[in-house]
Structure formats: C-alpha cells, structure tokens
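Order as written gives the chain letters A, B, C, D and E; numbering starts at 1 within each chain.
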Amino acid sequence: MIAKLKGQYGSGICEANTYLGQNYMVVDPSIVSDLLQILRNREQFDYCVDITAVHYPEREKQFDVLWILYSFSKNERIRVKIMIADGESVPSAVSVWATANWLEREVYDMFGIRFDGHPDLKRILLPDGWKGYPLRKDYGIIQQDQEWVKANLGIESGQ
Amino acid sequence: MAPIGTLHYLVVAAALFILGVIGVLTRRNVVIILMSIELILNAVNLNLVAFSRLWGLHGQVFAIFVITDAAAEAAVGLGILIAFFRNKETVNVDEVDLLKW
Amino acid sequence: MLDYITSYLSSNTTPGQAGNVFWALVYIMIVFGGISVAVMAMNWLERKALAHFQIRLGPMRVGPHGLLQPIADAIKLMTKEDIIPAEADKFVFWIAPLIILCASFAIYIVVPFGPTHAITDLNIGILFMLGVSSLSVLGVVMAGWASNSHYPLIGALRSSAQMVSYEVAMGLAVVSAIVMTSLHGLGPYGVGVGTSGTGTLSMIGIVQAQQEQHVWFLFKFFPLGFIAFGIFAIAMVAETNRAPFDLPEAESELTAGFHTEYSGLRWSLFMLGEYAAMIAVSSIAVTLWLGGWYRPFPNTLTGDTWDLVFSLFPGLTFLALAAIAFVGVRRMPKHPYFRVQTIGLAGFGAVLGLIGLILFVPPVRDRIQDIYWFIAKVAGFMYLYIWYRATFPRYRFDQLMKVGWKVLLPIGIGVLILTAILGVVL
Amino acid sequence: MEQAIQPGMQPVATTFFFYLLSGLTLLSGVFVITRKNPVHSALALIFGLLAQAGLYLMLYAPFVAGVQIILYAGGIMVLFLFVIMLVNLERSQREERFNKQWVVGLVAAVALGVLFVVVYVKGKALFPYRIAQPLENSNTQQIGVMLYGQYMFAFEIASLLLLVAIIGAVVMAKKRI
Amino acid sequence: MTDRTMFDLKPTDPKPADDKYLSHLELGEPDKTFLDTNELVINMGPQHPATHGVLRVILKLDGEKVLGTECVIGYLHRGVEKIAENRTYTMFNPYVDRMDYVAAVSNGLGYCEAVEKLLNIEAPPRAKYIRVILTELNRLASHQLWLGTHALDIGAMTPLFYTFRDREEILKIFEKYCGARLTTHAFRIGGCQYETYEGFERDVVKFLDFVPPKIDEYEELLTTNRIWLERTKNVGVISRADAIALGVTGPVLRASGVKWDLRKAQPYAAYSDFDFEVPIGANGDTYDRYTVRMEEMRQSLRIIRQAVEKIPEGPIMAKVPKVMKPPVGEIYHSIEAPKGELGYFIVSDGSTQPYRVRIRPPSFVNLQALDIMVRGALVADVIAVIGTLDIVLGEVDR
C-alpha cells in the first residue's frame, strides 16, 4: 500500500515506518487532503479514530497534526502525520469522515490550528471568546484568561 | 323580596344578551367576539330553560341543541381564527378587510 | 332547631336530598377533611410502597417508619417562600391551583360512600362528576400559561390534550355502565331479575341497580363490562396524569410540567388536587363497576351468619394494622435513641387497635360497614396506581394519543353498541 | 342548589341563590367584554357559565346544567384557551381594545335594552307569575325520550352539524391540506 | 420567553446548522406558511435531570418535533491532557480515573498498557488476569449504571434501584481490592500494585452466581414491556454507514450491525485467552443498543468466570525502572472501554514526563451522533437517545 502511495505521490510521502508495531507515515501538507480521501475510499480506512496535534515550539514547523485511521476490513491502524508552522491551516476532513467535525474543533480549541472547509469551526470545550490555546507548550499550566473569567464569572480568579 | 318567578330569569337573560351584543359590536379581538357570541347563546339558553319550567321540557331540549350549535360554532370559528392568524398575524376583526391575501 | 338536626337521622336518605343544610355541612366537612387526611396518608403510603417495590426503605426519619413525614412535608410546604415569577400573570397564576383543587374536591359531592353516606345524590350524578373532573383541565392550562415559561407551557398543552382525549374514552366507558343500569341481561355471574326499562344517572341509583341485578357491572355481559371497566381504568390513570401517562410531569423531559414554576403552598395545592382526583376517579370506578359500598356477595351469601362475618371485617382490618404496628415495635432497635420512636409506634398501634375494637361494637359496626367496603375497594385502586408507577416506563406523547384515540375510543364505541344490543336482545 | 332538584322538598333560600348566581353571571359577562387580556376574559366566562349552570339547577333543569358544565366549561372553554395560547397576544394587548364603531355599538345595544324593557313592561301579562310545578325526578329520562322521539330528526341534524364542524375545523386549522 | 405563545414569530435563520452528511434523513423543506416556519428554541441543560451531568443541548423544535440540536459541552473541562504534560508517567495514572468515573478501571487499564507499550515491557500473566477480571466487573458496573439511568429517563423508576443494588456488590469487590470504590486507581504501570486479597476469587464467584438472575430480572421488567418497546424501537436509529462515518464505537456501533470489538479485533491484556461472543444488533435503534448491552453484561460474566478459573500464579509486577524514562517515540493504544474505543496517544521525549498525552474519549465521539439520531424525532426521544448513548460528561469534557 505504501509503495502504491509512494508511486502516486513520490516525495509527498516523506517517511513511512513502523514503531513498536504501529504504522505511521509523515506526509507533505499539500497532499494530505487527497491522501485522506484515497485512504478512505481506496484503502478502506473507513474509521477515523482520532485527530490530534502535538506542539514543538522549538521547531520551525511547530505543529504535528495527526490522523489516526483504522480499517475494519483489514483490522489495521495507520497514523498520518503532517508538520505545519504556526498560522498555517490544514484541510478539513469533515467531508471524508463526519466524525472529524468535533475532533477538528477540539484541535482548533486546544492548539489554534485552523481547518479549511470545516463547517462550524469554533471552540468546543473552552468557552467562546477565551484567549489562548491551552495545549500549546507556551501556555502555562495554571494560566487562564483572567479577563474572560472576570467578565463572565464575576470573580477575580478561577483558581 | 318578591319570590323568584320567570320574569326574573328573563331579565337576567336580557341583560346577558345585551352584554354579549355590546361585546360583539365593540371589541376588536376575534377571540373575545366569539366569547361574546357564547354569552348571547347563553342568554338564549337561559330564556329557553326558564320557559321550559312553565311549558314543558321542550325548552330544555332546545337548550341542548343550542349548546351543540355553540360547540360547532366555536370549533369552526376558532379554526378560521387560526387560519387567519397564520396568514395575517393579527386577531383583530377590523383588520380583516381584504377578501384576498 | 334540635328537631331539625335529629329529623335527618330518621330520614333514610342523604342530607342533600333531605334538604338538611346542617347535616350537609357536617358531611361536607367530614368528607373533605377525610379526603385531605387520605391524601396525606396516601402520600406516605405511596412513598413507602414505592420504596419497598424498589428495595429501599422510604421515609424513616420523621416519626416511627416516617409516619409523621406527611405532616413534616405539609409544614415545610406551608412555610416555604412563595415564589411568583416576575413575568407571570399574577391573578391566573394564583387561581389555577384553586381551580384544580375545587374541581377534584367537587367530585366528592356525589360520591356515595354508602346509601346514606353521601353529601347528596344528584340525579345527574355521573354527568356531574364527568363535568367537574373535566374542569381541572382549565386549571392545568392556566397554570402552564400563567407561568410564562417554555416547559410549563408545553406541559400544560400536553396535559390538556391528554385529559381532553381520554375524557372521551372515559365517557364512553361510563355510558356503557349507565346503559347497563337499565338492562337486566343474564350475565354468566348474574341471575338477572332486576329492574328494566329505566336506567339512572344517580350514583346511588347505579350501585343499587347492581344490587338489584345481582351482579357487579364488572361481570355483566362478560366480557363487555370487563372491557368497559378496563377502558375506564386506563383512562382514569391518564386523566389524573399518573404514570405511565405522567407526561405532563415527565421530570426527565419537562422538569415538572405545568407546575414547574410553582413552589410552596401552591405546589402543595396541585399535589392535593392530584391525589384527591386519583381517589375520586377510583371511587367512580368502584361505584360504576365494583358494586360501590356493597360487600362481596350481598345476594348469595346472605343470612345472619354471613352478615356477622362480613361486618367483622372493618374491625379485623384495624386489628391487623395494629398487629403490624406492634411487630414493627418489636423490630425497632433497642437503642435508647429510638425510645421515643418506639413508644410512638406502640401508641400508634394502640390507637389502631382501639379503633378496631370500637368497630366491633354492633351499632358502629353496622353503620361503618358500607364505608369500609367502599374505602377498601378504593384502596385497591390506589395500590394499583402505585404499582403502575413502579413498573411502567413512560409513554411518549404521540403514542399516548394513539392509545387514546385509536385503541380506547373504537373499543369503547364497540362495547357501548354491543352492550346496548345485548341488553335489548337478552 | 342541589336541594332544588328533589320533588316535594322546599328549596332553601331560593331568592338568595338566584341573586347570587345571576349577579355572578352578569358580573362575569361584564368582565368578558371589558378585559384586555383574552385569558382573563375566558376565565370570567368560565365562572359565568358555572354560575349559569347553577341557575339551570334552580330551574329544575339538572341535565342541561350537567351538559353546560361538561360541554361549555370543560370543552368549549378549553378550546378557547388553547387558541388564545396559540395566537400571539402581546400585540393585541398593547393595542386599543375597542374598535372604531364602539359608540354605534353601544347605542345599538342600549336601544336593544330599551326594547327589552318595553317588551317586559308591556307584556308582563305574558309571563304570569306562577311557581311552576317542579318536574319529576326523571328529568333526564324525559329529555332522553324527547331527544330520541319527538326531536329525533333535529338530533340527527345536530350530529351531522357536529361532523361538519369537526371536518371544517380540521381543514381550517391544518397547516397543509 | 418574553411573549406568551407557542409560536415565536421572529423570522428564523433559514440555513440549517450542519446537515451535510445526513444521507439517510430527508428533513424536507421548511414550510412556507407562516405558522410552520417558526422554530421554538429550547435550551435543555446544563442543569437538566436527563442530561446526565452538565450537558447542554440546544433544541430547535417545530412543536415537539426536533429540527436540529447543538451540544454545548466543556462545563467539566479540567485540562487533563495539559495536566499530563506536567506530571510524570506514574503521577498521571490516577488522573485518568477521573475521566469516565463510572468505568475508572478501564481508563486505568488503557493508560497503563499504553505506557507499558512505550516502555516496551509487559505485565506478568497473573496481573493481566486480574486486570481482565476487574475491567470486566467494571464494564458490568458501567452497564448497570447506564441501564438504571436510561430506564429512569424513559420513566421506569425501579430498574435504577435494582441496578444500583447489584452494582454495589461490584463496588464492594473493588473496595476490598484497592480501597476505593469509584476512582479505583487499581493498576500500576507494569502490572498491579496489590495482590488479590484473601477470598477474592470466592467473592467474584459468588458475585457471578448472584448476578445472572438479577440481569434476568431487569430484562423481565423491560425487554418485553410494551411501553418500553414503543419507546425504544425505531428511536434514535443510526445506520451502519453513518455509525462508521461518525466514528461511534462500542455498543452503539455494534447495535448498528458492525461486529467489531477491540477485545476480539486487537486483543489486549489477556483477552485472547477467553472465549466470548460479540453481540450485535440489526437496526441500530435504541432497543438494539439495549439488547446489545444486556448481552454484553452476560458475556462479561462469561469472561470473568473463565478468568477466575484460569488465573495463573506468579508475580503481579513486571520489572519497571524506578524512574520511568521511555525512549523517544509515539504510541497509540486503545482498549474497549464500556462506552467504546478508549485510546491513548502518548508522545515521549525521553524525559520523565510525557511530552503529550492525547486521550481519545469514546463518549465525546459518540455524543456527536446525537444530532443525527434525533432529527425528526420528538423531544421525548432526545431524552431516550442521550440515555442510550451512555455518555459520561467527565469523559466528554476531560
């Protein structure tokens, strides 16, 4: 499968490997939209387990965005990973897997990564209007949006 | 006080009738107009029942028919009201001045 | 004056018919006070019985086995802050619980607890009862509307639609029972020598017709009476908004339905009205189908011995209750902390026993018998109510309407027609 | 009121009850036509109808009284309340409650009232003072016999009318036909 | 509500919220006439008896028909994933119990196994068996809690008390084993902290004999009850394709006819040693989810019985370094929690603290299916569907 995809995309697939028995591939952000489509339709990865991101502030391309996919027919998992810089947006997978809706909203909520083509991209766990993206490494563990807390809860601090 | 006779009931019925007429003629809200019509019908019923005390049960039978009619009238009237309200967003009778909307 | 009071006692009729205002007032007070007490007792019994259905203990803290819980509840409700929402229509909000309360209490005017133990006997008794019970819909609608809030309004619309729909089925079932009063057909359990030709709408008349025809209408034209009774038994649960038809108060959907915004005393008026209505419709069912105040087999098991046996029941019941209380006393923890409660329970048992003994006194025994049998039958229905509540899930609104209009109504019409035909043919 | 039903019994305080009930009826009639809020009007009308049922009882018409309570108070008024809740009231409450011809209406009504008075005064002889014989206990049965005997045709027509009304109301109020 | 009417007269947004992928649901055009177009917007929750916590659902209604829903979640958000980045691997272990607090043991199992995988160690067989027993007991407890609350939502009060009575026995076993009843923290990375207590097997076997008649009792109350059938059959239907697209897992997916259970598909712990069935439903309606869960309870009992019979002797803790420093790398490990696939994606940077922990909560993803399941249904069905999804807000919000 990897060979077939490599044949199709060439250098678009940067790395395809196995770690601790788990397959993953690192791909170029430009092809990921197509790739997810193909994985879903041709390779039968019909179940999108999770979408998430990891923040590496010291890297130039700060964010890893991951899709964890599963195929019922093959009983096989694969992780698709792209690296993007802060401010770049990622194509949305909502049209491929409906479940991506809330998962992408959560990634946006926590990391501030925008998804192009998402029908309703807004915060999901944190309240609307909250400033900052908590799962970025530069967001302290006890940091909070004091202004929001004051304005909406009428207290000095939520801690 | 004089013993209560038929005339007393007739006077009450007449007063009720007039109240109903005033309501129908002066109010704008269709719902209240329909209620005023109920008042009028009730006045009639009171008359009928009062007379039935003198001349047999026919009056009471008629009162029952009148109540039946009142039910039918209320159902259809309120149905029209709903249809009307749906189209015109009003329940005021003096705004129903178009044959077509 | 004294004559006026005593003259009624010799007249063998209800105070209403005797035109005796004094006794009418006394009866009204007895009945309404009794119903209020019954509602409180019912409150306790429901919580206890429901708890035991559900492997819980129920109220245990206030008084022995929570016996004083209803009183504590009443005090709590009366002293609670009375909240009227700011946007509510004050007057309607205020009057809605009173309408429900009046409607459910007014039914008792015609409920015959015995041949003379009724406030009055209207010759349109059953019609009066149907009419008055339908008035409580008004209270429900007004409560929902006056609260000026979404959930109460939806609850009110639901419950009024429900009550109006089930009234139809209820009315049909009642009519088929009324038709039976004028027919003397031979049911498998009846011997059929009663009056024929003239029926009656009077509640006392209906019970007497059952006695004259030697059959409970439940068993008349078997299974027709049974089906009609079934329709009534279902419709009356829906009519009183109880489980499984408790949609207006479906707490998981509409929080508390039409009385969501009510609190304190007003809320307790709703509850009082609801329980009073439950007891009222059960009394109607007993009157129409279960022989009213008559003891079982009044015509077959006759003779002095049987009379004596059946007249002992009231006293025996109270003695049994007293025995239960005493068993409870024995099972109370022996810790001094529970001493007051133990003594209280023992005292309660003693009172019950004393009442039981008084009920064995022949004059009392004879007078109380009718009331006893009536209440015993009603209590059966009350137990059914609790049982339903413990067993059934709740209907959805459209399903409820479907049951009312597509099942009960056609069956009711069919039963009515068949009853009439059978009555003419037989 | 219930005393009045039984034959042979002297009704208690007839006069008092008559004035009480008719006063309630008229008062609620006044409330019906003057209240701004239709729900209050409906509430007043309900009380009026119940008081009138009491009057029927005093007139030895228990069956009509029962029908009045069931049909009017329990049925028709629920319908009214339903509809009032379905249509928006806020606007109509803020608006003028009487229409422009209210003077004309009032005059016409008063004229009608005068006519009634004249008729009553002139025709007093027509309504002889006569305590009517209370009908027997079997009022309901007699009405039944009349409904199904003498007035059979009218009864059937009435049922047909109700059927038409049901269909009409459903057609009118349905969202899509 | 400012005006006193059923019908809100304000013109409403004609654009439906998000019905792009509602393949099977033809909602039809909104009506053009006046009374029909206006929607009633009702706010259900966050303080509502039937939302199982602080879930807020905004319902758009036409009368009582649901036109659309929007879930507002996050009221219970505690930033578990952020906390993980600031704790060592061992320290974070108890935190996961607080997510799905009715199935704390499963959460712990998933986390421990994921870290074990990252450390490349394996728990000893006896530990694995203990894990299986406790996890399956917990699944049973979770399902019992679900059944009680679900039935209560539909209006049947009594099952709640029956299920709590029987759940109590499970909690007693937990309490005896690890001292806690709800948030157990039963497992440690590398195995189990505690050896089974004296009489553990006896207690479990006693429970296994005790509970099957109780499950029959629940079923007696509900399975053939007409009202229950009417309330659950064809309510909240989700087709197989939609279920897969929406990523729902666990009993919700299985009720839609997908025979997929991680315990079978990718066995973890000691599940490959046991013989059990994966029950599936046919229609994907609420009733199917009910029957699937009921059957799952019985299968759990079967697994526990086998595990208790075959439990090996031996150590319960693998050799684990005092200071855990997993090699740099990423791992995704998931288990079949009572609610569905519970996944942990852990990134290690070689230090004592995880660089990133992502938790894939089953309730969160399953809750997404609420909208598609209730469109066109009635308000009462929303209650039933929220109940049947078996969500725990602690897990949805994390």
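We take it that a contact is a pair of C-beta atoms (placed from the backbone, for glycine too) under 8 Å apart; a residue touches a chain by one contact, two chains touch by 3 or more.
Here the structure is a predicted model, which is why all the values come from computation and not from measurement.
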Shortest walk length in steps over touching chains, chain B through to chain C: 2
Chain whose average C-alpha position is farthest from chain C's own: A
Maximum inter-chain contact count - chain pair: B-D
Of all other chains, the one whose Cα centre sits farthest from chain B: A
Closest chain to the centre of mass proxy, which here is the mean CA position: C
Whole-Å separation of chain centres (CA-atom averages), chain A against chain E: 23
Rounded Å distance, chain A centre to chain B centre (Cα mean): 70
Between chain E and chain C, distance of the C-alpha-averaged centres to the nearest whole Å: 45
Euclidean distance of C-alpha centroids - chain B vs chain D, Å: 7
Of all residues in chain A, the ones touching two or more other chains: none
Residues of chain C whose C-beta touches two or more other chains: 145, 153, 157
Multi-chain contact residues (two or more partners), chain B: 82, 85-86, 89
Chain D to chain C touching residues, read off their complex: 2-3, 5-6, 9-12, 37, 39-40, 43, 46, 62-63, 65-67, 69-70, 73-75, 77-78, 81-82, 85, 137-141
Parts of chain B lying in touch with chain D, wherever the complex brings them together: 1, 3-12, 14-29, 31-32, 34-36, 38-39, 42, 45-46, 49-50, 52-54, 57-58, 60-61, 63-65, 67-76, 78-83, 85-86, 89-94
Chain E-touching residues of chain A, taken from the complex the two chains share: 19-20, 22, 24, 46-50, 52, 54-55, 66, 68, 72, 75, 77, 79, 94-95, 97-99, 101-103, 106, 110, 119-120, 123-127, 134-135, 137, 139, 141
Touching residues (chain side chain E, partner chain C) in the complex: 1-2, 4, 6, 40, 42, 48-50, 64, 151-158, 160-162, 165, 221-222, 225, 227-228, 230-231, 378-381, 383
Residue ranges of chain D touching chain B (in the complex, touch as defined): 14-15, 18, 22, 25-26, 29-30, 32-33, 35, 38, 41-42, 45, 48-49, 52, 55-56, 58-61, 63-64, 67-68, 71-72, 75-76, 79-80, 83-84, 86-88, 91-92, 95-102, 104-106, 108-110, 112-113, 116, 120, 124, 127, 129-132, 135, 139, 142-143, 146-147, 151, 154, 158, 161-162, 164-166, 168-173, 175
